[in-house]
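Some structures to go through are shown next.
Next come two complexes built around chain A: one with chain B, the other with chain C.
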Partner chain A sequence: MKKLLLKEKWPELWALLAHEGPLYLPVEEGSVVLYQLWQEGVKVNLEAVNSTVSPKDIFLPREETYLRYSCQGEMLDLEDVESDEPIIAFALHPCDLKAIEMIDRVFLNQDPPDALYKKRRENTTVVALACRQPDPYCFCGVFGIDPTDAPGADVMAYLTEKGLLLEEQTAKGKILLEKAAPLLEVEADETNITVDVKTQDFGLQVEGLPEDLQERFNDPVWDDLFRSCLGCGICTYVCPTCYCFDVEDYGHEEGGERFRCWDSCMFGHFTQMAGGHNPRPSRKERVRQRFMHKLCYYPETYGEIACVGCGRCLRSCPVNLDIVQAIKALGGEKVG
Partner chain B sequence: MGKANPLMPQTVTVLDITTETPDVKTLRVAGKEGIPFDFMPGQCAMLSVPPVGEAIFSITSSPHCRDCLEFSIKRVGDVSGVLHELVSGRQLGIRGPYGNGFPVDEMKGKDLLFIGGGIGLAPLRSLIGYCFANREEYGHIDIVYGARSPADLVRKSEIGETWPEQPDSTVYLTVDAEFPDWSGHVGFVPSYVSELAFTPENRIAVTCGPPIMIKFVLQALEKLNFAPEHVITTLEMRMKCGVGKCGRCNLGSVYVCKDGPVFSLAQLNELPSEY
Partner chain C sequence: MEEQISEQTVKVKKAVSQDLLGGRIDLLLGWEKGHYWWQSRPLFARSEKDLERLVWDSFCAVNLSRYLQDELKENKKIGVLVKGCDARAFNRLLQDRIVERERVILYGLPCPGMLDYARLTEEGGSDLEGIIEQDGTVILQTKEENKEMPREELLLARCRNCMHPDPVVYDQMLFTPLGDRERPEHFKAVEELERLSADERYTYWEKELSRCLRCYACRQVCPYCSCLECFVEQKSPRWQGRAYQPSENFMFHLVRAYHGTGRCIDCGECERVCPVGIPLMELNRKLIKDINELYGHYEAGLDPEQEPPLLTYRPDDPAAFSEK
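What follows is the complex of A and B.
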């Protein structure tokens, strides 16, 4: 049964949940909306579709220290850094949750699992928010995603005129709603839930594209497609299904830490080897790698294109070399 | 979390460091109880010296050596540079083993042809050691090994004495050009392989070396009618995680760190040629 949280009680809920552990929700700052830690006074924006950068950093932080080292003379001491807090991820949209499912396949289901990611996934209660009004750049329908339903969430939420309707989907979700119970209206008579949200399709038709691309690594289309790319990497930064990372040390000889951070296949040094050889020496190989990974390599292993139609690369790419343009250039368009 | 975090290294101690060539040194490292983990020939490990960082190296020693791991390392970058400067007794970080290793079971009963160039002998040496330790499982063993100059040949006592003395095995050495102190064969490794005219019947060829050498060795073996399934090589790519996640060594639907680094030529023919 759905329970109503009246608008005027939202801040009380944020405060209550933030007391339990880190609470991430969409926070508006100037022209950007990012999933950030709630604190008194932040401007929470539940209407925003979509956040400027995907909420993947709740599970795969931009930087994450995982070991501290100290070195005295010949002795090296390595100590792992643990983080074990219960996290609440609030108001994640169905496309972004689908993207998390895609990263799960690589980080949880492939042996060995990524321990840092796994811990965060296990410790997080996810409240999904159904989309009421999609953005002009949204095209999740192309990939069969229902913008009003998020099967992987612990709690499903719906925006209404009066507030937020909440419905538990898992045991974790039940616990969360029990904590919030004093703030919820018992009788939720709201039926004003939009269930028929239409997104763009930009004339795309992606069926059969992954199989088609398997033979097109040397296709002449790659000789031109990359030309406008600036190599800025913003596409990978905002993308909810990009997960490449770097590992670096920070410190001095006596002590410091090792961390991992987001990296991008759009950068030249990404594959640059110590001896000077680079298997992806120019933007051509790097642009091809990014789109082939999303549209061909990932589907070859997992059966689905690694794009959820969130529209972030359409909004962010300074030269409009986004995934819609790439799919079109590769022939993934409706005929007629 | 501890051991469960695959990115978390353990510490090992440098037993000694041997200078092989002007730019190659061999490190022997061990944990408190000998080798820090079991492995198979062809597998790799991440070595790290904070704050310089981590890099991946092939394990040079044979799995039969239980008291230490050996790494023959060419000085090319930051991590290899700092590894060259380490001294006996110093501790460093290690994690692994990574990768699939050579198909030692499929190779059983076959004659073996090992073709190495320069530092490319490092992963082959682990395999050669394994095959000699299980000598009765394998047929005749030929080793073709070359380098730019006599000074650049690594593991001189093994290639010059230990291996040629093994039963039913032959070692062919070559250097790229004439040198005053060299009376052996002169010429590039691929042309030496063609010259020696190995027959493909019941034989598996395993090659490792600089990319340009591998390219021409593969062509030479093709001309000698080796089937792509019977030609094996090992790839080298930049890696950060070693467990198929960070994205650097992605090649089509495989990750070289996890699904490789060992591939048959038949497998490589199915993958994008981006290595």
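What follows is the complex of A and C.
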């Protein structure tokens, strides 16, 4: 059964949840909305459809420490950094959660699974927020995503006139709502929860595209599509399904840490090898890699296109070289 | 304005098509519409068919000069549409020996400033359906009603600060020049920051830069960032770490700003493309202001014959560091 949290009680809920562990929610800073840790005074924005950067960094942080080391003379001391803190990810939209499901396959469906990712994922309770109104950039419908339903969430939330309707979907979700129980109303307000959130489709038709692309590595499309690309990493960093990372050390002889951090296939040094050879020497190969990964390689391995239609690359690419332009250039359009 | 702009598009097309189809240039860098009415993206035109998509409207913000560095490797001669800022960017590249003047034909577009979709929706709401432009005003069309606003108030921040809307270098000027503009508030944000204490400024920048994703879009669009290898990627010595630490964010942005001191043409592309809204021009403008105060008024990109102050020496140059 759905339970109502009145608008005026939102801050109380956040304070309550943040007390339990890190609480991530969409925070507005000027023109930007980012999933950030809740603290007193932040401006929470639940109306924003798609945050500027996807919430993937809750599960795959921009930087994550693997281990800490310290050295004294010949003694090397390694410190484990695994944390058991329960995390709450609040107000993730269905498309972003679908994207997390895609990243899960990469990090968890292997032997052994990625330990840090697994721990973080298991420790996190996800509250999904149904969309009420699509952003002009949204096209999740193309990939069959229902913007009002997130099957992978622990709690499903719906914005209404009076507040937030909450409904548990898992045991973890039940525990969370039990904690919140003193703040919830007995009577649920179900007005306005089903709204029309039909997104646009740009005339795209992606069925069969992954199979079609398998033979098109040397297609002439690639000779021109990349030209406007600036070679920055915006698309990969705002994208909810990009997950590439690099591992580096930070510190000095006496101490420091080994961490992983986001990396981008759009950067020239991404594939730079020892000895100087670079198998993707120009923007052409890099742009092809990014779109082939989304539209061909990922579906080849996992069965679906690695795009959820969140529209962030459409919004943020400074030259509008986004995935819709790529799909269209590759012929993924409805006929007629 | 809408009418006038499309008339302008026709005129632009006519001017460039003679050169492209006549073989005077191999490639024309222009703009075409993206998926939305508020997006115009780069067009790389080689044929008559490509030129059909050419557009010159209020959303052609992308600086096309930046593509010359790569495209000149593959083409003998290139035509580029340039706004005021793009022309100054071209001068920057010229002065840095990145492009050869005789291999580029510049078509000058006096620019009334580009519109900012974020500003449009701020004023017209998220259900904004379109706009109509007429004589310096913009009519915002929403489902319910229309709202009329002065065009100037809806421009990108970079355009609201633009003093030179007319291209300073060109082979052919396509329209009547608009004339230089006074911008008394040009250094206002910098002056406000100058009034803060060092600690307050540090706190301010630490917060602003904390959003930095290190996507390097600011660098990639920048006409002064034309180094073949950036210090960021140099492995030995290693200047820039990848950790998501304030010190690393400061390292990147401050070193970049210093590399541009006296060379930044004040186009504001870095700020426009930043996906997380970091006010990068406040850094660049602080350095422009310092250069003006130390070495006399200087505007990079206006005259390619005039060397940037930090690349020349005069016996009477101030020695601000040693004097203090």
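Basically, the second predicted complex is superposed on the first by the 326 of 336 C-alpha atoms of A that agree within 3 Å, B and C clash if a C-alpha of one lies under 4 Å from a C-alpha of the other, contacts with A are read in each partner's own complex, and residues count from 1 in each chain.
Heads up, the rule we're going with is that a residue touches a chain if its C-beta (ideal position, glycine included) is under 8 Å from a C-beta of that chain, and two chains touch if they have at least 3 such contacts.
Predicted model, so just to flag it, every value in this text is computed and none were measured.
Applying the stated clash criterion after superposition on chain A shows that chain B and chain C can sit side by side.
Draw one line from the C-alpha centre of chain A to that of chain B and another to that of chain C; the angle between them is 90°, to the nearest 10. Once the two complexes are overlaid on the shared chain, A:321 sits against chain C while remaining clear of chain B.
Contact with chain C, but none with chain B, is seen for A:261 once the two complexes are overlaid on the shared chain. By the touch criterion defined above, A:213 lies against neither chain B nor chain C after alignment on the C-alpha atoms of chain A.
Looking at the shared chain after the overlay, A:127 reaches neither chain B nor chain C. When the shared chain is aligned, no partner comes close enough to touch A:150: not chain B, not chain C. In the superposition on chain A, A:305 makes contact with neither chain B nor chain C. Once chain A of one complex is fitted onto chain A of the other, the partner contacts of A:30 are limited to chain C, with no touch recorded for chain B. Contact with neither chain B nor chain C is seen for A:100 once the two complexes are overlaid on the shared chain. By the touch criterion defined above, A:239 reaches neither chain B nor chain C. This overlay, made by fitting chain A, leaves chain B and chain C with a least C-alpha separation of 8 Å.
Comparing the two interfaces of chain A, the one with chain B and the one with chain C have residues 246, 248, 250, 263 in common. Interface of chain C with chain A (complex): residues 34-36, 39, 41-42, 44, 62, 66-67, 70-71, 118, 126, 211, 213-217, 219-221, 233, 241-245, 272-273, 275-277.
Looking at the complex, you find that chain A touches chain B at residues 66-67, 69, 71, 74-78, 80, 82, 106-107, 110, 112, 114-116, 119, 217, 243-253, 256, 258, 260, 263, 265, 270-277, 279-280, 285, 289, 292-293, 297, 300-301.
Those residues of chain B whose C-beta lies close enough to touch chain A in the complex are 1-2, 4-11, 13, 48, 50-55, 74, 76-80, 89-93, 211, 236-238, 240-241, 243-248, 250, 252-253, 272, 274-275. Contact residues on chain A toward chain C in their complex (touch as defined above): 29-32, 34, 52-53, 61-63, 133, 135-136, 202, 224, 227-228, 230-234, 236-238, 246, 248, 250, 259, 261-264, 267-269, 283, 314, 316, 318-322, 324-325.
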